[in-house]
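Below are two complexes that have subunit A in common, paired first with subunit B and then with subunit C.
This part shows the complex of A and B:
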């Protein structure tokens, strides 16, 4: 195992060397550092060109320039972006942060929704829901990213801002949306006619009352997850997580996850006091998240039973979700202040950049500001990614569910939940495991279009700008990062693949 | 079937339910694999519609403005400047029954898709762009699938050193963002020739397919039928391409369609970013990029190229789905429970009709093995 890892890392390093070499040659061949001077009518044009040649060391053959660059790079000197005369490392720092912000949320949301829908779609193959989802995922997959992004920017932002300025949804619209939600749920869950009708009624009522609640309590102007809402959402989460993770028959797991919900409720007010009295930071949030997991695991163990591990897992997942709700609540509470800030000017859904300049405010306000800037780009990325994951997970789940061991599992009397979640779902993740790491990396380097349309100062924007302005150093820094990440992702994919499928031997 | 017609008031519904069932049973009797695949494919409604739509688009794109020396039947060429009619707005009007202003039929007018700000005919331009994008898509699909299958199959089947070398090469290619290659090509070849551009894109997009095929082959080569084939004296290449490849065809087909539809998206994206096809040649992405500034004043310039991209990509996806359903011999097409129940009711076997065909009814997860 260790030797495998070593070998792969060394091979990766070699790959990296070769690929940086190839890319350096390609990049320098595609660049024209005299683009701005070519049309110049300045009297000292010759001198300017000579100066540029000296600045960029263009008299040296490109291969030697590569090794010079490599030497500097190995010593930690990334060079300077000569157009703006800034060190590459400082330019890169902000760009990476901005891109990671954009990509994380989009990837996670796309994977969760995509895989869930794909699995359900596969389980109900050739049903109306399946056909509907196939069509929707095809449609989304066929949309050009830049087209969607421009549409979202031109229409989505304006519409959403107008709505937030006067947040009233007509009752007709609410009813229609609720009917659609009811239909969707009854199609997704399926079953006999009576059960379909029941699902429809429940889903309709839930959606309708949710919207009615939001509307009547003026939630849109003062959004928050207050204790009653938290209790409701938390309980629903606990039941949902337990159903998926262990089945509702496991009373201890259910009790454990409900306990974590109660803990969350109890902490509701103390947390607000706590956040008022300290200076918040992302590091702190991370530590709190770890504590949350620990508490969840602890609660699960405390409830014990023959299957401690299962209860602990269930409780930990629930705890994290409840903690996320508490976090979101904290962010939402600053909404009125944010909305009325002069820098926002009553248009809270931005279309450009990754932060509002001159906004000020505390940790929660800046977080909210970042979230609002992420809204549309994330939506654009999720729409596209969702479709791909739906297709992959549907196709692999279909494959798995037609295997003999699924029939065996059913015939030995396992509950359907166990068959689907343990025998079906886990195995269907194997092909996905090779795709997901690579996808994440592609996104990291390649949210170029989204970043460009929404003018986010991320890695993609940096790369494109440098490429068209003939700055090879930032381009190479970008390429090295992307290439290194891609190599790591490939190793991870191989390891995951071997871990999931015992038939594949890593050491062979 | 004739017996069902007289006793059932809802004749057509039950008829289709039962005939589907009957075809399912008769299907495999005495037919070759190819025939089965063809039959299944032809029965896939989405794929058939997609084929019709795609053929229509292809014929329209190539015949309207012509290709190479031949000028098509359309009255304008993509780059000619015409006097602006009606402020450049599309003269296409929908018939009344579609909520439009024209009479009983479509009204085409002089410039059905409108004109851009200097009077060029948008229909001609969009058709020329569609041509370019189609050529690129086809080239990418061919090149990438060929390379991907070859590399993946060799790596997965041979394992060991071959696998190592091939996968390192794959890693090498993966580490190079397509956008760099696109930029380089734009610089070197002028971004004018869709065939060269498509080949380049194909040479850098085969990696996912290769990895998936390799993954499948790694699993497949442990299966019994491979041993059986080897014992029967089959050569390596025969085992690979005759025995194992058909088992991986589902993954290949799904991925190839994803790849082709993403190829058109990739090409348009590159052209949109200014590192792909460049003027005076045109592609759908380049059109969108040229016209996006005009979104608020001349939205039709932005709509048509986007619509064409969506139509083409959607059609390719549906065809791929049809092919997948048709190719995969393990994927039996099961009529929905309700159709089965109806068909069985008609059969007179009412008792069987109430049992579900997909899974046995569960009672609390305890299948009579005593108290849990």
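This part shows the complex of A and C:
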């Protein structure tokens, strides 16, 4: 194991070294440090050029400059972004944070949706739903990031803001959307004709009434999750989580989940008073989340029974989801003030940046503002990442479901839920574990375009700016980080695979 | 499967119940407090890249447009350009007058009210530092160049080196005199200098802040006195850290921890700067000058992508933009009915220069020293150039008002442009090109045989590739064969500067950053630093000698016209067009009146008005 790690690490370092050399040569060949001086009519242009040559050490051959750079780099000196005269380490700091913020949310959402759709697609192999999803995922897979991003800005931001100025959807449009939703659900859930018809009607009614509700209660301008809504969503969540986690036959787990929903409802008003009287922070939210998990686990154990661990798990998941709803509600409550803020001026969905200047406001306003700015870039990354995960999880699930142990599980009379969730789903995640780390690195690369279009000050923006302004040191810092992450991701993927799949041994 | 299906149906069904239950509930519990939100309105300005320094006199980092547009708001100056490129005085900051013409002596008096935002008065000490920095006369580092290769071997860190030397300030070699009240400073030029008004326009950074940091003195007055003493005594050991701090101390890309770096003497002061995102300036309450009207807060938002700027304008996130002009940007903007779009000229102009000394078609040596023949080839080449077609095809789509530029030295729109063009002899070269006339010129001179012209340009620039195609067609009509000598974006400057034997004509842009009349000196003078064509004309040289000491504007215009007459008669080259610019702003904003040179869209901010918020109140009723 240790020797395997050492071998991989050393090979990784060698790869890194060679790639930095190649990148340095290529980057320096593509740069024009005199771009801004070419057209200059300054009287002392020659002195300026001479000075620039001195500053960037351009009289030294590029190979020697590489080794000078390498020498500084291994000593921890990342160099200077000369256009702004700032040390690279300080420039990188903010950029990395911004990119991680963007990529984290996008990856998590893309994995959840992609895997869910992929699994359902596999279970309904060769059904209309499957074909539809294959079509959609290939369509999304082939979309260029810059195009999606610009379209999202046009429709998702400018269009939606125009809509919010007068949020009325025509009843015809609502009906059409509801019919589409009904069709999609009936395809996804499948079954006999009668079952399909029932699903269609139910889904149609659900969608239609949701939109009707949003419209009639003026929800668009005063969004909130009020107690009746919380009760409904909470109950639905409790049922859904229990179904997936233990099956509805486990009455204790269901009761435990529902109990956490009730606790959430009871805390609805006290929490608002609580948040009014304290200075909120993300640290506090994290602590509250931990408390929530603890409460969920406690409730699960309290309901007792032979498999109280399962109840605890189910209740904890439900509790976290209900707490998330309470959090979202708290954020939504500042919406009218946010919407009317002069800095927002009735255009809440932004097209650029990672925050609104001159907004001011408390923790909830800042959080809402961050969410609004993450919305479209995240969506752009999700749309593209989602497609890949759908394909991976579908094929992996199909393979798993054709294994002998699945037939064994079925033939010994396990309920279908248990077969799918415990024997199928879990094993289908193993190949994904190798894809995800590498995919995150790819997303960092994909984020270059997304960041530029949305003018977010992340790693991609830094890379592009430095490349066009002939700053080799930030470019190299970016490349080293990405290359190192790629190498680490590969090693991690190998280890995770070995950890998950007992058939693989790393010291082989 | 059954349970899954039932459960899913149940979940969907419960969602439908949601509507029924929630419809009945009111929305009375949403909060109506303002959650601490800032209720003032700011004007948002889009710009390509973020501020890097507030010391715009410094060359390496400071002297860039992204800095100038901010310091235009935070830094008071003695004079500024209006949209007609007339230099106006801001007498609320200070006055200046020409005390004597021989020797040229200028006295600047800073207004008694002028105060830095930390309460320290703006004094002649600040101007003294400006002199020290821009004249370079205290720099102890002399350029050392390798005699063989011309390689620069100067060690810029060894001694005093203010990196901000301007064209005229070095002529003030005598340390300027400061009045007793420390509000006036008098500069004596060693020789007359025509563009004296563009020198010493006002201190860009507070001397006391520089001195406090560089000399480690905490008291501002004491620090200023030490700085004055160091400059007057030429104390190298003290000047070294001062120059070092002046060069680097004011460089930042996010709000510095040290608030003294933001000290300003203009109507605004930087209040917030988030790296790569935005920079906000608010009113400076210590400012006592005239520019107290207009919006109270400006925010510069940094958007690199031109279409991103357009969409941000459409979405109301920014109020005014000046993106790089492309046909896409223009058509996207014209489709918006909520914005005002203005096409304008930019400071950079496209031109073609001909190579005189490389043994090519424009060099007399090619014709056995027959200068008349070489001249005829140059004239014919320039006469055939389809300048109007280039404008019509490539520039008009971006700026419908675009016209052929006909002056080598004066920006179109400058007060004396029309006068110069009317008399400079440029009318010898018809705008549309005249192949017949060109042929007759060639025939009259008896030029025979094939003529190949290698044109160097930036081959990665689509517009220039298209220009080249138009030129190739037009020149083919008179028997001149154009050869593509273009180089990649990273290399063309180098090719023009270092390989004159590889090209006969060059096409690129020259950038004007001011109306300085002497700026063209190095381009046209024999052996000038930007004269890469080997052009040499004794009359032009002596006219430039005359121009550099001419102070009267009418006299300057006369000399410029004479210089241009020579240039056009010698068929030096030609000027084609002013780069097209696009400015657009929301109809909520009134007052912008962009200038073609820095600070472009920010000109006249004191006359701007922005509609307040609340236009969409009905949405939250």
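Throughout what follows, the second predicted complex is superposed on the first by the 432 of 508 C-alpha atoms of A that agree within 3 Å, B and C clash if a C-alpha of one lies under 4 Å from a C-alpha of the other, contacts with A are read in each partner's own complex, and residues count from 1 in each chain.
Simple rule for what comes next: a residue touches a chain if its C-beta (ideal position, glycine included) is under 8 Å from a C-beta of that chain, and two chains touch if they have at least 3 such contacts.
Keep in mind the model is a prediction, meaning the values are calculated, not measured.
Undergrad: More residues of subunit A in touch with subunit C or with subunit B?
TA: C
Undergrad: By the touch definition at the top of the document, which applies to A:84: first (subunit B), second (subunit C), both, or neither?
TA: second
Undergrad: Touch check for A:228: first (subunit B), second (subunit C), both, or neither?
TA: After superposition on chain A, A:228 lies in contact with subunit C alone.
Undergrad: So, A:50: does it touch subunit B (first), subunit C (second), both, or neither?
TA: second
Undergrad: Who does A:212 touch here: subunit B (first), subunit C (second), both, or neither?
TA: A:212: touches subunit C, not subunit B.
Undergrad: Between subunit B (first) and subunit C (second), which, if any, makes contact with A:154: first, second, both or neither?
TA: After superposing on A, A:154 lies in contact with both subunit B and subunit C.
Undergrad: Using the superposition on chain A described above, determine whether A:415 touches subunit B (first), subunit C (second), both, or neither.
TA: So A:415 meets both subunit B and subunit C here.
Undergrad: Return first, second, both or neither, reflecting whether A:495 touches subunit B, subunit C, both chains, or no partner chain.
TA: Touch partners of A:495: none, neither subunit B nor subunit C.
Undergrad: With the two complexes superposed on chain A, say which partner A:174 touches: subunit B (first), subunit C (second), both, or neither.
TA: neither
Undergrad: So, A:328: does it touch subunit B (first), subunit C (second), both, or neither?
TA: After superposition on chain A, A:328 lies in contact with neither partner.
Undergrad: Taking the stated contact definition, name every residue in subunit A that is touched by subunit B in one complex and by subunit C in the other, in rising order.
TA: Touching subunit B in the first complex and subunit C in the second, residues 29-32, 150, 154, 247, 249, 415-417, 452, 464 of subunit A appear in both lists.
Undergrad: In the complex of these two chains, what residues of subunit C are touching subunit A?
TA: Residues of subunit C touching subunit A: 1-5, 7-25, 27, 29-42, 44, 49-50, 52-53, 59-61, 143, 145, 151-152, 154, 156, 163, 165-167, 248, 251-254, 272, 274-278, 280, 297, 299, 301-305, 307-308, 311-312, 314-317, 348, 489-494, 508-513, 518-523, 529-530, 612-621.
Undergrad: Would you mind writing out the residues of subunit B in touch with subunit A in their complex?
TA: 46, 159-160, 164, 168, 171-172, 174-177, 179-181, 183-184, 186-188, 208, 211-212, 215, 218-219, 222, 250-251, 254, 258, 261, 265, 268-269, 272-275, 285, 288-289, 292, 295-296, 302, 306, 309-310, 312-314, 317-318, 321, 324, 330-331, 333-336, 359-360, 362, 364-369
Undergrad: Using the touch rule from the top, collect the residues of subunit A that touch subunit C in their complex.
TA: Checking each residue of subunit A against subunit C gives 29-32, 34-35, 37-48, 50-55, 59, 82-86, 91, 94-95, 150, 153-154, 157-158, 161, 164-167, 185, 189-191, 195, 198-199, 202-203, 205-206, 208-210, 212-213, 216-219, 221-222, 224, 226-229, 231-233, 235-236, 239-240, 243, 247-249, 332-343, 345-347, 349-355, 357-362, 364-365, 415-417, 420, 452-455, 457, 461-462, 464-465.
Undergrad: Please name which positions on subunit A make contact with subunit B in the complex.
TA: 11-12, 14-16, 18-19, 22-23, 26-27, 29-32, 125-127, 134, 138-139, 141-147, 150, 154, 247, 249, 388, 391, 395, 398-399, 402, 410, 412-418, 431, 434-435, 438, 445-446, 448-449, 452, 463-464, 467-468, 479, 482-483, 486-487, 490, 493, 497, 501, 503-504, 508
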